[in-house]
Amino acid sequence: MKKVEAIIRPSALEPLKEALFQAEVKGMTISQVYGCGNQHGWKELYRGSEVIVNMLKKVKFEIVVDDDRVSDLIDIITKIAQTGEVGDGKIFVLPIEQAVRIRTGEIGNIAL
Amino acid sequence: MKKVEAIIRPSALEPLKEALFQAEVKGMTISQVYGCGNQHGWKELYRGSEVIVNMLKKVKFEIVVDDDRVSDLIDIITKIAQTGEVGDGKIFVLPIEQAVRIRTGEIGNIAL
Amino acid sequence: MKKVEAIIRPSALEPLKEALFQAEVKGMTISQVYGCGNQHGWKELYRGSEVIVNMLKKVKFEIVVDDDRVSDLIDIITKIAQTGEVGDGKIFVLPIEQAVRIRTGEIGNIAL
Amino acid sequence: MFDTGTTAFMILATALVVLMSPALALFYGGLSRRKNVVNTMLMSIIAMAIVGVIWVLIGDSIAYGGADAFDENGNLVNIGALFFGGFDRLFSTWSLGEIFDANALVSDDSTLASCAYGSYPSTVSIAFQASFAMVTTAIVTGSLAGRIKFGPLVFLVTLWPILVYAPMAHMVWGSGLIGSEYGIGAIDFAGGTVVHIASGVSGLVLCLILGVRRGYGLLSYRPHNVPFVMLGAGLLLLGWFGFNGGSAFIADGNAGLAILNTLVASCAAVVCWAIIERIKTGKVTLVGASTGMLAGLVVITPACGFVAPWSAVLMGFIVSPVCYFAIAFLKHKLNYDDALDPFGCHGVGGIVGAILTGIFCIPELSWTDFGGLLYTGDPSLLISQILGVLTTLAYVIIVTGALGLITKALFKGGIRVSTEVENEGLDTALHGESAYPAFGGLD
Amino acid sequence: MFDTGTTAFMILATALVVLMSPALALFYGGLSRRKNVVNTMLMSIIAMAIVGVIWVLIGDSIAYGGADAFDENGNLVNIGALFFGGFDRLFSTWSLGEIFDANALVSDDSTLASCAYGSYPSTVSIAFQASFAMVTTAIVTGSLAGRIKFGPLVFLVTLWPILVYAPMAHMVWGSGLIGSEYGIGAIDFAGGTVVHIASGVSGLVLCLILGVRRGYGLLSYRPHNVPFVMLGAGLLLLGWFGFNGGSAFIADGNAGLAILNTLVASCAAVVCWAIIERIKTGKVTLVGASTGMLAGLVVITPACGFVAPWSAVLMGFIVSPVCYFAIAFLKHKLNYDDALDPFGCHGVGGIVGAILTGIFCIPELSWTDFGGLLYTGDPSLLISQILGVLTTLAYVIIVTGALGLITKALFKGGIRVSTEVENEGLDTALHGESAYPAFGGLD
Amino acid sequence: MFDTGTTAFMILATALVVLMSPALALFYGGLSRRKNVVNTMLMSIIAMAIVGVIWVLIGDSIAYGGADAFDENGNLVNIGALFFGGFDRLFSTWSLGEIFDANALVSDDSTLASCAYGSYPSTVSIAFQASFAMVTTAIVTGSLAGRIKFGPLVFLVTLWPILVYAPMAHMVWGSGLIGSEYGIGAIDFAGGTVVHIASGVSGLVLCLILGVRRGYGLLSYRPHNVPFVMLGAGLLLLGWFGFNGGSAFIADGNAGLAILNTLVASCAAVVCWAIIERIKTGKVTLVGASTGMLAGLVVITPACGFVAPWSAVLMGFIVSPVCYFAIAFLKHKLNYDDALDPFGCHGVGGIVGAILTGIFCIPELSWTDFGGLLYTGDPSLLISQILGVLTTLAYVIIVTGALGLITKALFKGGIRVSTEVENEGLDTALHGESAYPAFGGLD
């Protein structure tokens, strides 16, 4: 099993969620993060002073899947979350050694 | 070392924290996440319209432990966080290659 | 590639971000987490009653880098985030099997 | 001499009505998405500020200046005066020559003070009327939330009070076409037509011109801060005591009746809205209760000084299902994007109120010779009320429609923000400001 | 003729008191857990709405209608009238025949207006009294937060004002058992017994019947939004000017004394609360300061028109330690779950205020022939005050207790939500609404 | 006899001004960082509470008690009375002997009531003046936000109203040095010097003594809750109707003029601030609009009863660029850390207002024989106004400076929190309380 971690723009949240449901991904965990990278921050204004905001709101998807679905997922995410502008985000793949479904105690692929 | 990641219901937060303290887990990191999975969302209402909320509030525990405590932890988490209803969550185990205690610079198991 | 996960005090957020930019780390993802560990919580007060708060606000940095930059990063983080007081936090290193830049579809080290 | 009691009353009523604009900003801000909060609130605040300046300089004159349309025999002597006032009271004076005249501003024996108001100073009257124009214009902005550019919005809220609100005020309260006994003869105690129908329908017209938000109908637009919605409604309720009570223009039994009716109509509408929600969805919501409170306040506005308290209770019960229907069904059916529901709440509620006034008006309290159908069996007032509504609709749709289309034509880049801006949120994109920068927890 | 000054005063006082219900909703909402915010606020709002309707239809009549209990010689001629008013003023009229009579509503020469109020319209009086009943009922809900089902809550807030508040108002202010000089002869300027003891003690009784929240005593119940608590307290303070000042029923020196005392008592109680916190825990909190402000307002309520400003300062200093003791120690000791502390704050503070009134009341300002112990050395008034408190306790405990038990019996599924609902939070479970849907940052 | 209209007016004006302290707490709290919200708000609330108690016990006497400085021929007979009142009205009585005298508190024929106020009760006057002292002291705390220890803060807000505010009130309004026609003869309708210059400049002086926040100039200090800032400003606007209107001390044409000017000046300043932002940064912000609203309210405060509405519009347009310059440029250039900008907004705006009063004052409305330069061509009043400002600056800088340095010397551990506390946030460190404990989402 692998964990696919995708850090994307907030505006891709809804479409990506839909696309993953379509692709019959059974479960995913989503959280809000801040990202720094090539994308430059924007300026906020406070009483005439500029404030550089260089931590940008991003959304992180964590999806644990069977090894052979990984490239699939990468394709889907890339397709949906790509705008071509700097700041589209990254996908990382991590190894997972074990998975457990708490409700039933099932372990391994069947737990996903 | 392994990282045990548990995604559980918010209502299990307090009891699980207590149970882990009991089990002499020395440290853990907790965050709020949203989960999609088998558990169906609920309907919220806004001025007579139904709004399907299919990202459910979950809590994520991250606990890095020595390899031989992993199965222990899985047991504890499963026991405490299990209600038997869909949506109890998942446990994932990931490999950790190194751990450092920032305060002292200690590395490896002793850093946990 | 490795993922360096550092859990630090909120007050180290700005300096660490600066230091990493200095060290030409190209990207990082930051999130808010709560930590329990050796550091004891503090007491909050509510209408004369004490409330023990034992989940402390921490900040998590996730930085995916080339293998040979890991020890570098550990040094920087340790230097910046160390106060010597209990609660400075931890650094964990995890293996990353793949990385993709969503914008371009580039994969591997070049995607970072 | 000024009556201190009535002067105190009108000054404080004005203060409460002035509060309604920030209260509305809060109400609307709470209803909007988190990424559009600043923009939504700022629309109300900038509308309030611009209208405040315009009103003292020119608006009050357009509404209440000029000659009468009819002579004392009811002959039409001045067609323009059916729709507009004049330009003789610019800069909050009675004539431009008085602009440096102190007496005209504060004494009770000046022409300025005595000719028009009698028991309280003209300055207070101007401020009171300004506060009405301010909040009315702010109401309109609710239909445009989440997608209009800031430049066109400023343009709209600058011209709308001059072209729509001030003429409406003249028509209804300045012995113009709608309110004059020689005209349509419709009665409107505190602004059912002038304020609520005018703003709500303008919102509808403009939102049709502007188009729906991206993903409207698919995406869920939920309020980001429900306590703000509740508090906004509560502060609006407070303001409405000034709004409806102050519209008696004297601290007496009429004002008393107005505020009692205001209170019970809003309470009744909340109760009824809760019952509807219980029946339709099984669950009572706080946004629903707050919306019901507003609907009740809207419906009683034209009637508050004319009807008995038991009628006010009834009116509160009647308005909730109608507004609920408009907001929960009609809007989706017809697929217009009245974002924060000014039309569904103010427009629809105002129409219901204007018509019910024709039924429940106690004859002795009516401004005209005609009383409510229920008391007199004579439908004259009811017909006047309906004609008043129709005239209002016609005027507002035509003028606001024209204004909206001209605005669209004038702003070459369009009056809508781009999809990217809509995605990112208008707050950071248009204003470089986020409402809660620290609530990612990274303070 | 109506006095415009007093009419203006009473109308605006009413407006401020009406604001107290949403302000209380905000205060309570801020104190509650994040997952129960909507439910907590909605309890106050629905209470306010239901009571508003009930009061104009029937409540005012029960409180202030009917015959007198005593004749002019002080002979008891009507036992029922010791506790209840009558049904002769239903629907906010003086008699059911007047329901269609305009004069009765607005003129100063109608029987309605002149017989009862003199210098301001009866409609205003009804609205003013309604606003009291509304916020009093809303106070009670604070004890029930976090665990009561919505149906039983609606049932309770519908009957409570009829069975407890209106009779209490009659007993104290309608020449009934407690207030009449021929009865107990206790004095209560603005509602120490009627409003605060009645609501606070009812809260205690009902929370005992309801039981403690899951994990109470173990889990930490912290306020989710401290700024809301502060703002709620601030708006309550504003409302209290109308509450205590308006209870003079005329804009004169009594009203002036009442508001000066209101201001300084609340200030003194804040200062004292801060000192206590500094001593007991080393740290001054904002929730503490806000709670102290409320306690000071509560304690001065029965006394505000009777005592000198220096006494008001003293009363503010006395009430804080007592309420602090009740909230921080007694509650945990006796393990009742007075969730948001209406008993600890209103109940206890009201009792302190009622008794201190018997000590500090300036004889010339007393409603009866007796003045405060301090001035006269005669304990008569003090004894009356204590008897008044005891009678209030007895009445409220019996009637609210019976009402609570009947409610429990009537609702077959129980009046408490299930453990699952308590875990999930009442907002989404009972109302399908979350207070801040976007604050996970995923707007 | 008391005039009920004016009594009603002054009581309700007082209520609105009292609300300004919590409103300011909200405004300041919204502007502060999330980890310092409780501390920031609590500073205003504790200031309000302490000052409330002090004012009725001693402050009012220092400001308005004592003998006159000049006899009727304008000869200086009492040097002390140029700066201070007396100690003859302690405890809100006219003499200590009256402390148990009921008449003195409420009747209109008592010496207490009649000698000083005429048409409304002295208790109301004391409360009204107290509410001014409260909010003025609260304003000062904005300069100290984010770094002052709570003990020294309490010490400062206890002594500042006695040593600075009350003497300033005496000098300007108690026929002292600045306001008396035999002294400088400056006019200040509602507190441009007394309230705004005094508080703003005191803030500057104290923040210089306290030093800048850690990382000031490098770190971004952004408001954590913009809607709170907007709502705070809106509630302050409401309060200002009481503040400026009530300063007429009678519900008449002067009060009317004052509130109309208040409204339009604030509106004009918002519009102008938005224009400046549009020009300088391309983007209009809500914090900017709220700041502009405040600046407009500040500038009109000394002038509101003296100038024509068109002048008020102009003054609103003039003040915004000046305050913008002070806040956005001067502060950074000179590197003082006026944290929430009381100096930039109140200090600077107050100076502009005081001077412009000397230009735009309508002669007939002036309190002295001199009118504004624009009307009379005579610079006498303008010179008086400038001298008044300079005297105020001198007095405030000297006394507040001395007070600040003494405080610094007295508190051995220093008056600043440690770097650790500044990092952690003052809320949990100093008060053991967080503003939003549940907004990590872990409710």
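Order of writing sets the labels: A, B, C, D, E and F. Residues in every chain begin at 1.
Methods note: a contact is a pair of C-beta atoms (placed from the backbone, for glycine too) under 8 Å apart; a residue touches a chain by one contact, two chains touch by 3 or more.
Every value quoted in this text rests on a predicted model; they were computed, and no experiment measured them.
Two chain pairs, A-D and A-B, are compared here, and A-B has more C-beta pairs in contact (counted per touch definition above). Shared numbers divided by all numbers used gives the overlap of an interface; between chain D and chain F this overlap falls below half, so the copies present different residues. We define each chain's centre as the mean of its Cα atoms; on that basis chain B and chain F are separated by 52 Å. Chain C and chain F have Cα centroids lying 46 Å from one another. With touch defined as above, residues shared between interfaces to two or more other chains in chain B number as follows: 30-32, 34, 44-46, 53, 55, 57, 94-95. Looking at chain D, residues 3-6, 8-9, 12, 16, 222-223, 225, 281, 283, 285, 287, 431-434, 436-437, 439-443 sit in touch with two or more other chains. Interface residues of chain F facing chain C in the complex, by the touch rule stated above, are 215, 219, 423-424, 428, 431-434, 437, 440, 442. Across the interface of their complex, chain F is touched by residues 11, 14, 32, 34, 42-46, 53, 55, 57 of chain C. The touching residues of chain B, counted against chain A in their complex, run 2, 6-8, 31-38, 54-55, 58, 60, 70, 74, 77-78, 81-95. Considering their complex, residues 3-6, 8-9, 12-13, 16, 33-35, 222-227, 230-231, 233-235, 237-238, 241-242, 245, 250-257, 259-260, 263-264, 266-268, 270-271, 274, 281, 283-287, 289-290, 293, 308-310, 313, 362-365, 375, 425, 436, 439-440 of chain F touch chain D.
On chain D, the positions that touch chain B within their shared complex are 220-223, 277, 280-281, 283, 285, 287-288, 291, 324, 327-329, 332, 341.
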